[in-house]
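Consider the two complexes below, in which chain A is the common component and chain B and chain C are the respective partners.
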Partner chain A sequence: MTKSRIKTWLLMLPGAGMLLSLVLLPLSLLLLFSLITGNQISINSDLSFSNYINIYERGLFGPLMIKSLLIAFFVTLSAIVIAYPVSYGIAKVVTPRWRNTLIILIIIPFFTSQLLLIYSIMVMLQSRGPVMSFLSIFGADPTRSALYSNFAVYLILLYQFLPYMVLTLYSSMSKIDDNIIAVARSMGAGRRRVFFDVILPLTSPGLLSGIILVFIPVAGSFVESNLAGGTNGMMIGSLIDSNFSVSLNLGRGCALCVLFLLVISAVTFVIQRSIRYFAGRRL
Partner chain B sequence: MKQSPWLRLIMVLTYIFIFSPIIVVMVMSFNSSQYGTLPFEFSTRWYELLFSSRNLGRATWLSIWFSFLVTCTVSVVGLLTSLGLRRMKPKWAQSFIAWLNLGVVIPWLVLGVALLMIFNFVGLGRSYPGMFLGNCICVLPYVVLLVYPALMALDRNIEYAARTMGASNGRTLFTIVLPGILPALLASSLMAFMVCFNNFVIQYYLAPFGVRTLPMEIYNLVRVGYKPDINALATIMALLSIALVLVVNRLGRGKEGKFLEEL
Partner chain C sequence: MKRLLVILLAMILLLSTACQADNGEATVPDGTGQETTDPGEIRKLVVANWQGYGSDAEYAIREFEEANNCEIVHQYFDSEEALLNMLRQGGIGEIDVCLPNMSYVAIGKREDMFTPLDTSKLENYKDLREDLCTVEDIKDEDGNVLGVPWTWGTTSLGYNPDAVDEEIDSWAALWDPAYKDRIAFFDDHTTAVMIAALYSGEDPENPDLDKIKTVLLELKENARLFWSSYDSFANPYTAGEVVMGSVWSGAATQLNATGQKMEYIYPKEGTVAWVDYWSIPRNAPNEDLAYKWIDWMTSVEFQSTYAADLEAQPPIPTNNKVFEVLSDEVKEALYVTELPEILAFQKELSPEVNEAWLDIWNEVKAAN
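This part shows the complex of A and B:
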């Protein structure tokens, strides 16, 4: 018994060690580092809340955090609205042969570089690019570009994260017994009723993990807004990043990370709770 | 059930949304115009330009070697972890996996910054070992999420039979367990390779000063703006991704959906 215990522990050691030393420890030490002022990190530096006070006085955190949450909210909402019919179609409507092809197609963006996905949307939106040329038919000026705006950032993020939502919803959707839907319909439930009373509750696990996989990374993104956001495109991620790569104020950067993690966990918790409540009530 | 034309329309539009940018970039990569404007004129000059660029070549090799190293390490660690998880109570295994998923859920920006701070603290700073460890922890969840379910799906009676017949632990592992989960193992390695290869954010924070991996090189190119040789690069990389997805699909047979629902 004890020998087998030891063996289990030995097997777990590398993975658990990496988890402890490379995720849990660094994240908890962020809290400590956020109390250190300036750049120098050493054991005997003084701890104070000056970084937090500084962030409060600069007043950038609040607006940028709200903006990032709004963008993340709209991206997640759009992804849900698009992914529901698509994943339903893949799981329940098309033939198995098509299903496999469509799933492979939706997986391809996962394997493609994030930067190239961003770049290809930027090519689409640039001046004289395909989108602007198309819009010029309706009288828009083709030399203007849709790039360097919040809308471009929104579109890029939606483009990147839509496949996650489709896949998580699909995996829940494919587990729904076809008969349940058929019974609901034959009992006289309309499309709306079938969706809210059958499909939504049964896919809520997939919906929840989809929201986590989309909402949190989008709220914490900075590459997209740096590349395509233009001068007003800053998100909370860009602010955190600039403290590390431009102004080198490490302590303040850590404090921003701590605040970001606090806000994002609280918001995600509320969203999860309300979806559980909403889906559960209908069951 | 009766098919609604709206559903079909939404599906078609969604797939167009997902694939038109990639296809446009592919077409543009063969256009000789400097600014991606029409009329279309066929040329392969951007590919020639791409292959003559020494920076990109060096960055590509670095990324390939680096990702290969990370993949090998993480595959072994992930396999050991999954074997260990199988010996634990399912409840404990699930909660361990939930903790491991933090590496996927937490924005890589925050994780990268946290790792940079702790590496600075222990004196490692921006370095190859640091970048290596950072990429490992990002990739490990993917491997465990693919290998652990495959391991649980194996029929343990075959192992017990082998053990009763006198096979050693090692022999059972190599003749029964590993062949049984080989497809999942290969699929997870490819997945790990691609995730590591494309992981810009972690490399951006942890790469040694002056060293640029391919994603960092692309970032610098894209920041400048439209450059036709990126089109050529994007085309090659997209085709490689498609090829790899097909291979993984062959190996995994729909495991991807499974791995996502575990999250």
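This part shows the complex of A and C:
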């Protein structure tokens, strides 16, 4: 082996080591634990698919997973619809002075804890809160509220995750050369044409990372639905959480995690492919 | 822009490490920090309990230390599991007396952690509430008791008297369509199953789970939300969104203390209850003192002082004679003017039963 090849291998070591210890090892442990029954693992413990069979027989995973994916879908879609004009405005319309201020305003919510964000929006929405007090002028019952419903969970999640979409889209948007847009306009493209044929394809990397940053955590969330989802609020995250925090059934909890991971990976794969295809065809 | 971000991030990092450092220092002096100047003379009684839970009150320690010429050292745990771990990892032979709850006495029994108690050494034992003393969970195979009941509390039914016109005396109120969408139910699988069992006349320790599921599904139709912490109950209750629910006695006390109105009642079908017990771990270095400590903790003198100290949020005392001493206001604040007659104890559940109950509760919550 030549000296340079050894150097290459040595340089790869930190990265490969991190990948091994932070991704491959935990994932294989998760897989291994999903095959045990109960909590203890030893060298001679039996491995079986009993947890998966149990999950199938209980029949809770499917409906809850679909529900979580639906909520994640609507949250992500709304985030995209709101974040495009916002990030376009920040990147292309306002002066650089304002740009920094606006970006900081969007980052500020990250400084507080997620739980605080949830509680603050719950205070806004709760009965006799600002929103309901305002609506009561028009005859609504102020002791009722939009809280404790799936709509409230959707609102809270959108509020929490919108900044991720805005920031990722902004970083793609600010890289677009103003001249490209100007050229498209001068060649007679309308606003809609400019958006779909120029801006959307050029921001597709940002869009993709935005979707991944919003869709996956939202699908796995459970605090929001536990606090504000009411009696029908349960999501797949609550089911997984209860297996660890309430009954300490490590095996079944891990099996649920593996299934969740598989579904999410498949969905993400489809999203990624369709965005690539769409953006590529337009370019 | 970038520089600004970097500065902000650095500030956050600094702040968070500073906070951590503070925490680290704060935890060190707690617990075993005190050293006696004269270790040969004064004996040390090591007590394991939750922090701020009665036994470390200044008067409790002073009187016992003066009467018995010893020093009390508290070791704090922050969960029942932590107490077990404390005993497993060297606590046996070190700790003289500790306070597990009923189900953890049962778990400790399986691991042979506790000494069978000679109740004839305890003067106050005969005055303690009987059904708490005779529960199977705290007895070993020979019928010896492993714990002496100290305090107990309930999860029962609370409602807003301004919004509810009738006198409520039954769990059936939670299923009453008159209060549809005005009910908050505790999001906990054991109390959920036990309350449903009490309501439908099943045995709360061994109910027919199919029936429980049907009953809980009806309840879910009627309820507005499932609460999991004091705040998640108190906020919608204060705002008037819900007017009734299954609730901890402590939550009712706190709501009334903050100017909210809540009636806390014990339904005729029975009330869900938890109990904390004093136990002596095996090989306790000062067993004789530990007996004296338990006797002091269950005495009318201590229990009435503790119960009257409402700011400490005391639970219900176990000594029957205490209720003769307590003032009417204190009794009212603790909801013990009339004590519940039928108690369904939160006992130890085997992992299989716990799993089955959790599955039922999850199925109810996931149903549409």
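Assume the second predicted complex is superposed on the first by the 261 of 283 C-alpha atoms of A that agree within 3 Å, B and C clash if a C-alpha of one lies under 4 Å from a C-alpha of the other, contacts with A are read in each partner's own complex, and residues count from 1 in each chain.
One rule holds for everything that comes next: a contact is a pair of C-beta atoms (placed from the backbone, for glycine too) under 8 Å apart; a residue touches a chain by one contact, two chains touch by 3 or more.
Since we're looking at a predicted model, the values are computed, not measured.
Q: Touching A:77, do we find chain B (first), chain C (second), both, or neither?
A: neither
Q: Touch check for A:60: first (chain B), second (chain C), both, or neither?
A: A:60 sits against chain C, while chain B stays out of touch.
Q: Look at A:104 in the shared chain and tell me whether it touches chain B only, chain C only, both, or neither; answer first, second, both or neither.
A: Touch partners of A:104: chain B and chain C.
Q: Can A:184 be said to touch chain B (first), chain C (second), both, or neither?
A: Neither chain B nor chain C is touched by A:184.
Q: With both complexes overlaid on chain A, does A:148 touch chain B (first), chain C (second), both or neither?
A: second
Q: Which holds for A:271: it touches chain B only (first), chain C only (second), both, or neither?
A: neither
Q: So in the superposed three-chain picture, is A:227 touching just chain B, just chain C, both, or none of them (first/second/both/neither)?
A: Both partners, chain B and chain C.
Q: Is A:176 contacted by the first partner chain B, the second partner chain C, both or neither?
A: So A:176 meets neither chain B nor chain C here.
Q: Which partner does A:140 reach: the first (chain B), the second (chain C), both, or neither?
A: neither
Q: Who contacts more of chain A, chain B or chain C?
A: In the superposed model, B touches more residues of chain A.
Q: In the superposed view, which residues of chain A touch chain B and also chain C?
A: Shared contact residues on chain A: 100, 103-104, 107, 111, 122, 126, 128-129, 226-227.
Q: Please name which positions on chain A make contact with chain C in the complex.
A: Interface residues on the chain A side: 38, 58, 60, 63-64, 99-100, 103-104, 107, 111, 122, 126-129, 143-145, 147-148, 226-227, 230-232, 234, 238-239, 242, 246-247, 249.
Q: Which of the residues in chain C end up touching chain A in this complex?
A: That would be residues 1, 4-5, 8, 12, 185, 187, 189, 220, 223-226, 228, 232, 235-236, 239-241, 351, 354-355, 358-359, 362-363, 365-366, 368 of chain C.
Q: Spell out the part of chain B that touches chain A in their complex, as residue ranges.
A: 1, 3, 6-8, 10-11, 14-15, 17-22, 24-25, 28, 35-38, 77-78, 80-81, 83-85, 87-88, 96, 99-100, 102-111, 113-118, 120-121, 133-134, 136-137, 140, 144, 194, 197-198, 200-201, 204-205, 214-215, 218-219, 222-223, 226, 230-231, 233-234, 237-238, 241-242, 244-246, 248-249, 254, 256-258, 260-261, 263
Q: What part of chain A is in contact with chain B in the complex they form?
A: Going through chain A, the ones touching chain B are 4, 7-16, 18-19, 22-27, 29-30, 33, 41, 82, 85-86, 88-90, 92-93, 100, 102-124, 126, 128-130, 133, 159, 162-164, 166-168, 170-172, 174, 181-182, 185, 205-206, 209, 212-213, 216-217, 219-223, 226-227, 237, 240-241, 244-245, 250, 253-254, 257, 260-261.
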